[in-house]
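Just below is one structure, and these are the notes that go with it.
Labels for the chains are A, B, C and D, by order of writing; each one numbers its residues from 1.
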Amino acid sequence: METLLRRCQIRSQIVRECIAEFLGLYILIGSGAAAQVVTSRGTHGDYLTIQLGSALGAVFGIFVARGVSGAHLNPVYSLSLCVLGRHPWKKLPLYSLSHLVGAFLGAATVYLQYYDAIQTFSGGELLVAGPNATAGIFCSYPADHLSFWGGLVDQVVATALFLLCCVALEDQRNGPLPDGLHPVLVGALILTMGVSMGSNCGFPLNPARDLGPRLFTFVAGWGEEVFKAGGGWWWVPIVAPFVGGLLGTLTYELLIEAHHQTTPQSPQQEQEAVELEEVVVDSGNNSDTLCTYAVWMAVILSQFVQLEKFQQFLKPETFYWVITVISLMPVLEAGEEASLAIL
Amino acid sequence: METLLRRCQIRSQIVRECIAEFLGLYILIGSGAAAQVVTSRGTHGDYLTIQLGSALGAVFGIFVARGVSGAHLNPVYSLSLCVLGRHPWKKLPLYSLSHLVGAFLGAATVYLQYYDAIQTFSGGELLVAGPNATAGIFCSYPADHLSFWGGLVDQVVATALFLLCCVALEDQRNGPLPDGLHPVLVGALILTMGVSMGSNCGFPLNPARDLGPRLFTFVAGWGEEVFKAGGGWWWVPIVAPFVGGLLGTLTYELLIEAHHQTTPQSPQQEQEAVELEEVVVDSGNNSDTLCTYAVWMAVILSQFVQLEKFQQFLKPETFYWVITVISLMPVLEAGEEASLAIL
Amino acid sequence: METLLRRCQIRSQIVRECIAEFLGLYILIGSGAAAQVVTSRGTHGDYLTIQLGSALGAVFGIFVARGVSGAHLNPVYSLSLCVLGRHPWKKLPLYSLSHLVGAFLGAATVYLQYYDAIQTFSGGELLVAGPNATAGIFCSYPADHLSFWGGLVDQVVATALFLLCCVALEDQRNGPLPDGLHPVLVGALILTMGVSMGSNCGFPLNPARDLGPRLFTFVAGWGEEVFKAGGGWWWVPIVAPFVGGLLGTLTYELLIEAHHQTTPQSPQQEQEAVELEEVVVDSGNNSDTLCTYAVWMAVILSQFVQLEKFQQFLKPETFYWVITVISLMPVLEAGEEASLAIL
Amino acid sequence: METLLRRCQIRSQIVRECIAEFLGLYILIGSGAAAQVVTSRGTHGDYLTIQLGSALGAVFGIFVARGVSGAHLNPVYSLSLCVLGRHPWKKLPLYSLSHLVGAFLGAATVYLQYYDAIQTFSGGELLVAGPNATAGIFCSYPADHLSFWGGLVDQVVATALFLLCCVALEDQRNGPLPDGLHPVLVGALILTMGVSMGSNCGFPLNPARDLGPRLFTFVAGWGEEVFKAGGGWWWVPIVAPFVGGLLGTLTYELLIEAHHQTTPQSPQQEQEAVELEEVVVDSGNNSDTLCTYAVWMAVILSQFVQLEKFQQFLKPETFYWVITVISLMPVLEAGEEASLAIL
């Protein structure tokens, strides 16, 4: 057996990583609990078990892939790492493709396993909407109350919070984490998203996890309605998570990680750093406290002054401009890195 | 990117801590699950998912802030640490302000994300009471059966148990805890509070977490009813947690932490300590056992003797005087420390 | 503050331990979730949240007491440790008394906190049975279908499995456990009991946890009906757990722990042990395999042969005699140790 | 006590292991939560509590047995380890027998504990189907909608994913895991299976866990209907898990574990390995990337081309041939090892 396996060994790092990412997302989708709850009409689980299934599926997807590729399992996370310079841009499309194929085949496996149940539940008709709809088992569709802008904002906010916490969990300087606990915490984070941000449009958070199963339902019999439903909703969970992911990553970087004290390289630098530190701390005790008070006061006051304006500000449209600016950043970044590579 | 971030670096410790506390509470609120359950009328979750959302939101709030500021995320916890002399009193108002601003903006984010759902659910009217009330998504209101004294006692008891356990988890001499498990356990503690002490008034436990969103609902359209509801309930979840928090902290200190054996500084002291210890243990075996029996017997007997009086004692009013005395302690303490600082 | 606390320091080990056990059980009861679910008539939780509340309450009770007294929190567990010779018999009654007082005061706190809710729910009448019964919030009563023998067997089996797993978790030679995970696993064990053995009589498992709150309800207004209900049920959750606890502890000791290889003291002994080991392993490969096959075959065959007898054997009465024999063991043990202490 | 226990010590390794496996599965079954939910007609738990009970029962079964035998608790897992050459084939039947006996006695204990409840619920008649059926408490029966092939596929897919994740958790080179977390993660994995793959036929996953209780219900009064129900369903959860388990184990081995870099034995080999590595990495950057793109593209294209064929491919029958080939592997393997042992 051992020798048999050794003969199959792949030595190329990138191929191994792609296979690991593929298998991780395959498991993540393959253990989706929505099929069970939908087809059993709620007798074998409820909303919480669907979320538990998603979260735990992700945990084991991560455990399968973490040692080989780091278990991104989400193109948004890969993009964030690229923007932060912790992952080569070159690998991004390959990883994304692996995710897509894994999600596609994972959805196919769920369909295979629940073939009888889906046929019985839907009476043989594969529908996207209505009481016997089964497309919602595989990918996300917006709730009736959700407007287009509302859906966009929902996805941006949810993915921003998700990535912010993901990046925080990875930040070794913010506090150590026992090895093996990290995948469990990411699963808990997905559960948090599910129980608090799932009712608008099912918190896709992950373009590959949404597009792969959607493509599968397209070819497997649900037809082009999967792209038409919700007023052409399908591209929102592909674009919005990238924007939200960058927003969240940058928020964490700007508010927390950028300010970790850098460790000095030589003893002399260390000496200087200590002296500098002392000066900072000394002056900090006098002026910083006042300064911080002032800043917070200004923030609070400004909000009360804008009492009337505030309600208009809460319209989702104003959000749009902030997002556009942010979404240009990785393009610039990629261009910069590309030009550096050429030079 | 790295250089861009480095240019934004803040070197002042206190500003960094305030930002971390702000972001931590922002995440704690931002992932509140009540909006989802209320606006979906229970189809996307139930009471348990709300509590899971709160608890897990707190877990990730702590993970974001723990490395920078220790992740208090609650003015009551900051106060307890100040009283125990483990946190400078000077930072207390700054931390509390950061908490308040974080909670305010977190509530704003929830409103932004659930704008469509809240409008559809409430028919456009933002109400504090009634079947279409939405104010309960953001902050706590008392249940119909709850009297004023009952609410006060509920908050004091719940926060006392909460802080008692928080301080116990922090107590290194009571037993080691793997790094990274601590935030998860605080989350589990919040879940415990939610499933066992949430039906009276929604276990705020945290003045900032309650006042911040309440201020937001005030400015965002629910109007001054948010302060009038429940007979002017709003100040109870601000004052009572401080009282309960001190009660719980002092209970743990007096019953457990004060009695940990102090580690001696020099070998000679150590020698004496060992000898003393032996004497204590020796005599303990004879007299202490008897003594403890006697104490417990007295406690038990006194309770049976007071059989008739007991029922009157259980009135919440008697509780009031105990609380008043305890709530004076931090004032004295602060005064003492202030006078020491002056001297 | 520090000096204030130091002045209160108790140096007697036994008094400290009793206080810790008292506080641990006080927290365990104080965070009981049944009051919330009962008085809200299921709107603020369901069966699962009650079990989560019990389990998590125990987790934090253990975290509070573990560093001082080892957090037994259950007279049955103390008894098991005494029988195994890992805890002095002398401390057993003191620990049990502390547990009882903690449970009594914990129940009083729950009553204080839910005073308004219980009064509203029950219409002012404190009843033990019927649709508005509130006594079940505090201690266990048997379900209607449960016979006397059935209740006894239920308690013995449940406590046996509970203690078997508790002792297994403590067994360092069975596998290491990260410090800090142990209390969480005990909580998970209590949750397991709750979701799988709670419908017959509410899985008390703990004499103090049942008797303390029962005494409280007796003095607080429910009257002597708390002892009369269920045909004088009250003594079953006091006696049966001790029997079951011993059964479970001894099962683990006899089946697993007794067979751990003892580590030899001197190099020579080590040498001999290794040689012996080799002989055992050598012969084991030939004869043991056959022998084990034979034993299992005999077990299986004997059960199929007894096909007709089997159904009668399943009557709970036959269980009774096994239990009687086992329950005599600690008496003998205590006597033996007492006589040794005298000598 | 100590001496008493030492006298009972068994020194044979294989007997100890069998006893541990027996006790582990006994606990796994003994804490089954289905009896409680069924006999209380859903008032004491719901679908989620059944799954929590199964998962946590397995966690504590593992904790009891892990130090002695490694806690397989599943003949499928033992078989997988044998195929991978990590467990002697000779022990496989012994382990499986221990599992069977443990499951049989575990089911007997559940019946003993719920004797009154089952009698009351079923009106004294022990039935396999209908509204008062109680056989489903002990072992799996297919849902009405499930066809024969659907059931086979469901079991193969579920066990494949289960074993794939189990083997991944065991793979030390994929990433370290704190000792003590492993049993908890296996429990979480079982919960994942329960919430996402339980509605077709109750996810047995474990031949011994299904056959043992089935035999018990056969002798205890449910009669031969337990083997006839579901069109002779009983052998599917015995055969299919072995096939699925091998499929999952081999998938992980071929896709992930086979490609871990082997650590070289001597410095010279190390040197060569490093050089080889560099060559691989160098060439990889140019050709591998292209190559991987090409492979994924081919996979994707082939699936779109087969658009029409695809729907027929999704019939479970095509799955059958894949399975047959794979199920022959362990036979060959066992034969090979047997012949080696003879030589």
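We adopt the following convention: contacts are C-beta pairs under 8 Å (C-beta built on N, C-alpha and C of every residue); 3 or more make two chains touch, one makes a residue touch a chain.
In UniProt terms, the chains line up like this: A, B, C, D = Aquaporin 10b.
Computed from a prediction, not measured in an experiment: that's the story for all the values here.
Novice: Count the smallest number of chain-to-chain hops linking chain B (Aquaporin 10b) with chain D (Aquaporin 10b), moving only between touching chains.
Specialist: So the least number of steps between the two chains is 2.
Novice: Same or different: at the chain A (Aquaporin 10b)/chain D (Aquaporin 10b) interface, is the fraction of residue numbers used by both copies above or below half?
Specialist: different
Novice: Nearest 5 degrees is plenty: how much rotation brings the CA atoms of chain A (Aquaporin 10b) onto those of chain B (Aquaporin 10b)?
Specialist: The rotation relating chain A (Aquaporin 10b) to chain B (Aquaporin 10b) comes to 90 degrees.
Novice: Averaging only over C-alpha atoms, locate the centres of chain C (Aquaporin 10b) and chain D (Aquaporin 10b) and give their separation in whole Å.
Specialist: 31
Novice: By the touch rule stated above, which residues of chain C (Aquaporin 10b) touch at least two different other chains?
Specialist: 46, 48, 178, 181
Novice: Please classify the inter-chain touch graph. Allowed labels: line, ring, star, complete, other.
Specialist: ring
Novice: Across the complex, what residues on chain C (Aquaporin 10b) touch chain D (Aquaporin 10b)?
Specialist: That would be residues 46-48, 51, 83-85, 143, 145-147, 150, 153-154, 157-158, 161, 164-165, 168-169, 171, 173-178, 181, 185, 188-189, 191-193, 195-200, 251-262, 276, 280-281, 284, 288-289, 291-293, 295-296, 299-300, 303-304, 307, 310-311, 314, 316, 319, 333 of chain C (Aquaporin 10b).
Novice: Quick check: in the complex, which residue numbers of chain A (Aquaporin 10b) touch chain D (Aquaporin 10b)?
Specialist: Of all residues in chain A (Aquaporin 10b), those touching chain D (Aquaporin 10b) are 1-2, 5-6, 8-16, 18-20, 23, 27, 30-33, 35-36, 39-40, 43-46, 48-50, 52-53, 56-57, 59-60, 63-68, 90, 93-94, 97-98, 100-101, 104, 108-109, 111-117, 119-121, 178-181, 184, 219-221.
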